Amino acid sequence: MIEMPSLVDQYCHGVLRTELGLGTFEAHLARTEGPPAAGTTLFDTQTGFAVRRWCPPLLGLEPHCPPARYLARRRELGVLEAGRRLLRGSGITTYLVDTGLPGDLTGPAEMAATGAAEAHEIVRLELLAEQVADTSGTVESFLGNLAESVHGAAAHAVAFTSVAGVRHGLALAPEPPGPGEVRGAAGRWLAGRRVGGALSDPVLLRHLLWSAVASGRPLQLHAGLGEPGLRIDRTDPVLLTDFVRATAGLGTDLVLLHGYPYHRHAAHLAGVFPHVHADLGAVFLRTGARAADVLAEVLELAPFGKLLFSSGAHGLPELHVVGACLFREALSRLLGDWVTGGAWSPADARRVAEMIAAGNARRIYGLK
Amino acid sequence: MIEMPSLVDQYCHGVLRTELGLGTFEAHLARTEGPPAAGTTLFDTQTGFAVRRWCPPLLGLEPHCPPARYLARRRELGVLEAGRRLLRGSGITTYLVDTGLPGDLTGPAEMAATGAAEAHEIVRLELLAEQVADTSGTVESFLGNLAESVHGAAAHAVAFTSVAGVRHGLALAPEPPGPGEVRGAAGRWLAGRRVGGALSDPVLLRHLLWSAVASGRPLQLHAGLGEPGLRIDRTDPVLLTDFVRATAGLGTDLVLLHGYPYHRHAAHLAGVFPHVHADLGAVFLRTGARAADVLAEVLELAPFGKLLFSSGAHGLPELHVVGACLFREALSRLLGDWVTGGAWSPADARRVAEMIAAGNARRIYGLK
Amino acid sequence: MIEMPSLVDQYCHGVLRTELGLGTFEAHLARTEGPPAAGTTLFDTQTGFAVRRWCPPLLGLEPHCPPARYLARRRELGVLEAGRRLLRGSGITTYLVDTGLPGDLTGPAEMAATGAAEAHEIVRLELLAEQVADTSGTVESFLGNLAESVHGAAAHAVAFTSVAGVRHGLALAPEPPGPGEVRGAAGRWLAGRRVGGALSDPVLLRHLLWSAVASGRPLQLHAGLGEPGLRIDRTDPVLLTDFVRATAGLGTDLVLLHGYPYHRHAAHLAGVFPHVHADLGAVFLRTGARAADVLAEVLELAPFGKLLFSSGAHGLPELHVVGACLFREALSRLLGDWVTGGAWSPADARRVAEMIAAGNARRIYGLK
């Protein structure tokens, strides 16, 4: 058995502050376009089964108890107390929180307090630009305010994140757009935009990416599964190859989020380029009983110093729990098997476990 | 051990009525372009080994006996009696039969009689259009007769199937073609066509897909491995994403056939869209000793209420047997492991096994 | 336990003749763009762990000893003696050596002497063309000399290899270019070229491929992982489908090298086309403890008579050792499991092991 250290969750969101009924809870188990098909439920997924395995014991129930029983107990404790028990039972001691999703979600400070942990903010570039656009009257003021906002965010945030792949696809031109190009795109976007309008213009998305790269903060790029997007093959991380090559040697780290089902491609890029790292986010939450097998696929090509645990959780503290528990179990089982078979030494296995669980993230994000 | 219920084979073809020699039998073990390479045989494949494992005992022989010995016994019994023993030994109690392939194959009624089972017809859209074209003199009569034929088929068939991916690739424009566009394409196709000529025009393929969607019957789309086609990446089910989105909410179910080696993509679509389901056809027949592992990959993202067993068998009743036996063994082993490890509860495992084996198909196709 | 026969390494390079320090040794463990990231080492990869597992015992050390200890012992023995112990401990009895990489590498004769084995040369088409260009004054003499060189190489080499996928991508027009097209491309290339300049013109790459096909010698095509290239998806072997189809029936065998992470696609092509074979090179060297699992994925679709072992090693004899040891262990474990579970017979497992280890290569390359 490989002992697992405490975890740095290097990419997650906050949790909902409101009490949840069965339907609302179920809706947060997966990212779908539309409600579950008649005759089916989102509880009948690897995510649903994993929640039912790991979470009931933290609230004093039997594993695999029926969803309705679990939700009743959750309401009995209240959303705050349930959240406290769950987050504190997860084994996560540092949360990096992407604050860029809408909804009544806890921020980093509240995550830290509820989870008795540390927490830092990840700033989502597209939201930042949309917020700046909401309050800027002209193209010049938009671009000036945006530069200032990115600069300001870099001072307090631990990282930037971008959903360019979900908004447009990752097949973006790799070089930074020229100033005239950016001004033109900003003008067209602002002219056609209502307050709150989403940014999907490829020139402005590239401008954001390069602004973040210039800041020196690590840049997390959504790839593979993540938020529902246009078409999953447009978020294959291999499409980032030329952008990755263009940003090599500039001193800014890139982190490929999620990756799955293109996780072998993300691992390949982490193996070839010194500044590229691969996140394990979607693996655990989405694949449940299969977590060890999918993790093993990432561990083929990715150097062990370039892999980062995250829960990828959003909305339900249950998802932070499931991400953390499945990670610990999967990594422990996998490395344990390799040690037993003689492929790895016990000391190496312990060392690699610590690197993926926390050490690599501490190094890249400069955490204590 | 998870007990397995009787199976609904939701996609297969009939079996050959003629006695087979070693060479003809071998040719049905794989779909190749050309005969086996000198010095090799198609028996030396996962399919060949699986046939030799599962079928000889049903004809009173030892597992893994040499192919020539097996074929001799098969001829000794006669094609009818051998077929009866094989199909009745498969554990399949309902066959959905695609009648759209050429050759002297048994239809649904004969499959039912031979296998002591139920059977229903699946109508292949492209063949339907080709048959209508063979007997229609003008564009107007072709389109009118086609509409009538689709309408008629919807009344007696259990589903439609399309090989648009094999004929043209799945990267089809997602919206229905306009009436003028369809008339133009039909005119060009009929003018250049000889009797029996195959349909590969993308406008007419889309017209067929949308005619089937309008009928309300489930529509099965070939993806990934299936029939030999142009190029396998052109049948990646992810290419259907926009078509899937365009057909959402219309009340017609889509079933992605085969999928492999893009089965994780098919599972992803089944997870995101309520009306999409994933078939397991090619998994068992093609990957043999690897069936449990490939099945496990599909079980990562696909909701358990959206997965359907099929054999995908064609020509040889041995392939129905292999599909069914490998499915039962693989699912039983996989779910058994998850129960043993505590990831799933025994009750959930039994319930999911029944859903994939038969329940989901009964719900989607309205079977008793 | 399946006993393993001696191995034919059907694709590798020579080993370095110079003594190596820790840094130079480490640099040969992976193919990266840039040095390892600060705080990481290329020893912390599956390749690094596999070298530390398999090689120290051949030099009289404990498995998994620290890299510095291993390198010290290696220098103590001297590069020649260390190379002799390693290669002779690998179990490889025939090496097919691609001589087309730069550096002070041993050629086939030296590999044979050092390893107490047989060795044959594989000629790299692009290097051949570049060497001819270096010494040809005109387009006519270049094309004439090239034809003569290919003809000459076919007489002594065991195979040709091409890195067209790395230089341009595998999405090449499938048919041979016309003579005028070739002359035009050669003229443009020679005019713009300095001595030693690399060939990446798609017309000339296609001309080389078709020259090799015409020679009748097996043609090895780099696909998937291999040398660092433009973008990995441009080396997906599925992109070769039309070229494969165009070369069917001409009597020349094609071998898809590496394949991973598109190894299932390579296996698919080997299953569909009689003249296509799949190499296992990158699997073992790159994925280490995962070798059996990745090998298993190739064994889904590839006919057992179409799979070829190779180490894919370059520069370090340690990599020949790792490739061979991981192959033997992985295949033995995998087939052993299938025999234990009843899926394969012991006799079939032994037969298939021998085919993949050596027999298929002997047949295809006409080795004794």
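Observations on the model:
Order of writing sets the chain letters: A, B and C. Residues in each chain are counted from 1.
By definition in this document, a residue touches a chain if its C-beta (ideal position, glycine included) is under 8 Å from a C-beta of that chain, and two chains touch if they have at least 3 such contacts.
If you want to know which protein each chain is, UniProt gives these names: A, B, C = Amidohydrolase.
Everything numeric here is computed off the predicted structure, so don't read it as measured data.
Taken over every residue number at the interface, the positions common to subunit B and subunit C amount to under half, indicating a different-residue contact.
Subunit C is reached from subunit A by a rotation of 120°, derived from superposing Cα atoms (nearest 5). For the pair subunit B and subunit C, the distance between mean C-alpha positions equals 37 Å.
Multi-chain contact residues of subunit B, defined as those touching 2 or more other chains: none present. Here subunit A touches subunit C in the complex through residues 236, 238-239, 241-242, 245, 248-249, 264-265, 268, 271-275, 296-297, 299-301, 303-306, 338, 341-345, 347-348, 352, 355, 363, going by the rule given at the top. Across the complex, subunit C meets subunit A through its residues 30-37, 39-42, 44-46, 49-50, 52-53, 63-64, 225, 228, 230-233, 261, 286-290, 293-294.
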